[in-house]
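Next come two complexes, and both contain subunit A; in the first it sits with subunit B, in the second with subunit C.
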Partner chain A sequence: MSTRTNGSGSNYEYVTARVRSRRAKLFDEDDYRKLIRMGPGEIARFMEESEYEEAMNALGARYSGVDLIEHALHRNLANHFDDLLRFAEGRLYDYIARYLRQFDAWNIKTVMRGIYSDAERESVETDLIRAGEFSERRIERLLGAESIEAVIDVLADTMFGDALAGAYGEYEERAVLVPLENAVDRAFYEALIAGLPSEPSRATQLYIDFLEAEIDFRNIENALRLSRSGADVDPAEYYIDGGRLFDEEGIGALVANTDELVSRLRESTYGDDLDAALNELESAEGLSGVERALNRALLEYSRTLSNRYPLSVCPVFAYVLAKMREVDNVRAIARGKEAGLDPETIEEELVMV
Partner chain B sequence: MIGLELTAAFIDAMVLLQQGGPAITGTGVAALAVGLAGFGAGYAERGIGAAAIGALAEDSISFGIALVLTVLPETIVLLTLVTLFLQ
Partner chain C sequence: MANDVKPTRKELMAIEDRIDLSERGHDTLEQKRDGLIMEFMDILDQAQDVRSGLGDDYEEAQETIDMARAIEGDLAVRGAAAALKEHPEITIQSKNIMGVVVPQIESSKVQKGLDERGYGILGTSAQIDEAADAYEELIDSIVLAAEVETAMKKMLNEIETTKRRVNALEFKLLPELHESQEYIEQKLEEQEREEIFRMKKIKNKKEEEEREARDEVSAEESEETDRPEGEVAVTSD
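Showing the complex of A and B:
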């Protein structure tokens, strides 16, 4: 899945048509409502009769119960995203490949957290999403790594290598994962916008717009979290470069002053989309509600972009976001059911658009 | 070969002009109109066809709909055929 840059012809029409009809097949509100009322066994059966039939059948012999559901969700997600790369040509392929590297970043972080918390290999493996650029062999080696240092060794020849090696010293000093995780995130986001033409064409500009929006939302989420927790952490440490809303110096002052942060967000281009999230914040109901509202706002904004620019990379990214959201939702339902939560509590945890 | 033919055609046109006639006849212009319309329709169908095949592969529309949508721009070519009878 290396990025191809030769050949400029992108087949937006074909990919957008496929992505849109796949998007239409995602679970809707009614499906979620049905799922919430089911037990884990029924959820598994419901999934066998839907999109997930193939993955459920392939994995049915090896896993059972909620583990089966989770594995099937991840396998299906990876298949769909591999399909996207199979469809796309030219520049569009390049954009999608760059974007899907977020799963490499996710896998690295999961493995490092697993090692840090002495988790079982199996439970780490469940959480990996094999949709990125890493080969099966590299993932095997990652899973086999005994220490953080070994993980960094495995990744030395990837785009994360230098950043991780640079952050390792700080990790040893403070014995927290934050510097390493930030290094992974930054390496990913830097690679997203690196090497694009200096005078972007319309298509490239839309790609950049979408990513800037996503980076903004990540920064908003981090800023709200820090602002709420009142922890004595330097906000610049969590700041991701490349967004439109904040800069590295300004974010510190905004985090210290929640009211100013909120009014700044209300005036921003995302003001309308963020309305629900900000109201939630003011009603002071805890941060998880705000995060869900933020996620919903990002989904809505991505949908707006994909409707406004149908022949661009936006519908593809909007689909990737929506699909990831569906996987999160179904997993939340299955895990919630397993833990014996009541339907109302689970419904509150879902993000539906 | 093509170069030779083009030169011959160019000389023909020059001769026609020198004799005071039009550079291109009415039928010629009408043929040009039909050709250009065909070119435009082809370009439009390229995009629609790709999208239709994509939607067809996902089983979200029927073959009939895909076919109708794909050949819709062809109507412009049919309309330009009128110029052939009007000249």
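Showing the complex of A and C:
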């Protein structure tokens, strides 16, 4: 996969039509409720009769149980996102490619975590999602890397190379992965909006609007976590530039005062969307419920955008988010069932829209 | 045992001293046992609460980490766990409960803030925070349970030992000493009776001899009185 910037026209009509048809095939609430009441074997069987049939059959000989489900989910996700790139042309291709680099960022972090925690290569491989821009060869080289330094060498010629090289000194000093993981995430978010025209077209503006909303939701999530934990951390360290809601200077004061942060969020353009999440924040002790409510709000917001602008990049990104959520949900059900969690607990953890 | 002792008055006095000491020791040990049982009951109540809390904390921690693994993936959880650089510290001191030395375990650096756990915020979620919180609480519960249960076991051992000592005194040593005391007293009484009997015998014998001597003397005297006057006793040359 490579980024095409040949200036040819984008085919929004074709891609959004394909996306709409694929979106209709996503699991709905009834499917999740059925899955929650099944064991891992039954879930695998259910998936064999669904959208995941091809991936399940292809991987059935190599894996079994929940590993098979997880590999099939990842392969299916990667196939769908590759299809998106295959369908897209022109500027739309570029936007989708930029957005899907989040899986490259995920894979880099997964490989680094594997090395850092001395995990087996197989368990690292299970967690990789090959839906980004990296080739199979590069992923193999990443999996073969035996040290963090080797990972950085493998990535030297990618958009993550400079950021990782810059953060390596801090990693050596503190011996924690935080600086490297932050560098990877920042490099991804910076590249999302880098190089866009200063006077964007309507299509580009919608792309920017969607990403700004996603970055805002990410910043809200981080601000709430920091605010609730009371940790002595500079919020600017975790601030992602590019959103509309916060700026780097102002976020520190908001994190220090949870009430002010909440009232700011209620008054923001996302106020109605975030209502459930903020109510959850006031009633719940932990933040995972708030995170779920935020994820739900982001999915609903992305769907609203895709309905409002049906011939734009918004339906495509809304589909990407929904598909990723489906994979997370099915994986949570399968792993939760494997761990013996009760159906009610698992259902609470799912994000269904 | 009774047959092994010498039935002497000195031995009897020594046994009486031992009985006195043993009875005082028995009373003291009984008081100690009762005191230990009372302390043990308090610790037992505490241990039951701690044990039930430990079970709940373990279940909650397990559930949160299972959920974090299910949602974030195993590697994300392992990576976050491996990021911890400052590990909890445990200091063990001791305290004395009725002569029983029990440990007093203090933990520090268990409950950590988000900034002390070593993992980043961008690459993780609140699920991992909740799993970390739950495990930190579990470690505190384990430390408390270790302290209370060790104290409970030591108290239990001490109660058993004290009980054995009380029983040994009550059912073994004191009965044997009383038996020995009785044996010596009987023997001494017997010896006394024999002595009296012997004395009586000697006295009777002496009296008999005296009586015989007296009878002899009186017989001689009566013989001399019975001979006529002028009659000279003829004596052969």
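Worth pointing out:
We take it that the second predicted complex is superposed on the first by the 351 of 353 C-alpha atoms of A that agree within 3 Å, B and C clash if a C-alpha of one lies under 4 Å from a C-alpha of the other, contacts with A are read in each partner's own complex, and residues count from 1 in each chain.
To be clear about the criterion, contacts are C-beta pairs under 8 Å (C-beta built on N, C-alpha and C of every residue); 3 or more make two chains touch, one makes a residue touch a chain.
Since the structure is predicted, the reported quantities are computational estimates derived from the model, not experimental observations.
Within the superposed three-chain model, A:Arg335 lies in touch with subunit C and out of touch with subunit B [touch as defined at top]. By the touch criterion defined above, A:Arg18 lies against subunit B but remains apart from subunit C after alignment on the C-alpha atoms of chain A.
Contact with neither subunit B nor subunit C is seen for A:Ser10 once the two complexes are overlaid on the shared chain. In the superposition on chain A, A:Ser302 makes contact with neither subunit B nor subunit C. By the touch criterion defined above, A:Asn219 lies against neither subunit B nor subunit C after alignment on the C-alpha atoms of chain A. Contacts of A:Gln102 after superposition: neither subunit B nor subunit C is touched.
When the two complexes are overlaid on their common chain A, residue A:Val290 makes contact with subunit C while staying clear of subunit B. With both complexes superposed, C is the one of subunit B and subunit C in contact with more subunit A residues. Shared contact residues of subunit A, touching subunit B in one structure and subunit C in the other, are absent. On the subunit A side of its complex with subunit C, the touching residues are 109-110, 112-114, 116-119, 123-124, 127, 174-178, 181-182, 184-186, 221-222, 225-226, 229-233, 238, 240, 286-288, 290-291, 328, 331-336, 339-341, 345-346, 349. The touching residues of subunit C, counted against subunit A in their complex, run 63, 66-67, 69-71, 73-76, 78-79, 81-83, 85, 113-116, 118-123, 125-127, 129-130, 133.
Residues of subunit A that touch subunit B in their complex: 11, 13-18, 20-22, 24-25, 87, 311. If you check the complex, the residues on subunit B that touch subunit A are 47-48, 50-55, 57-60.
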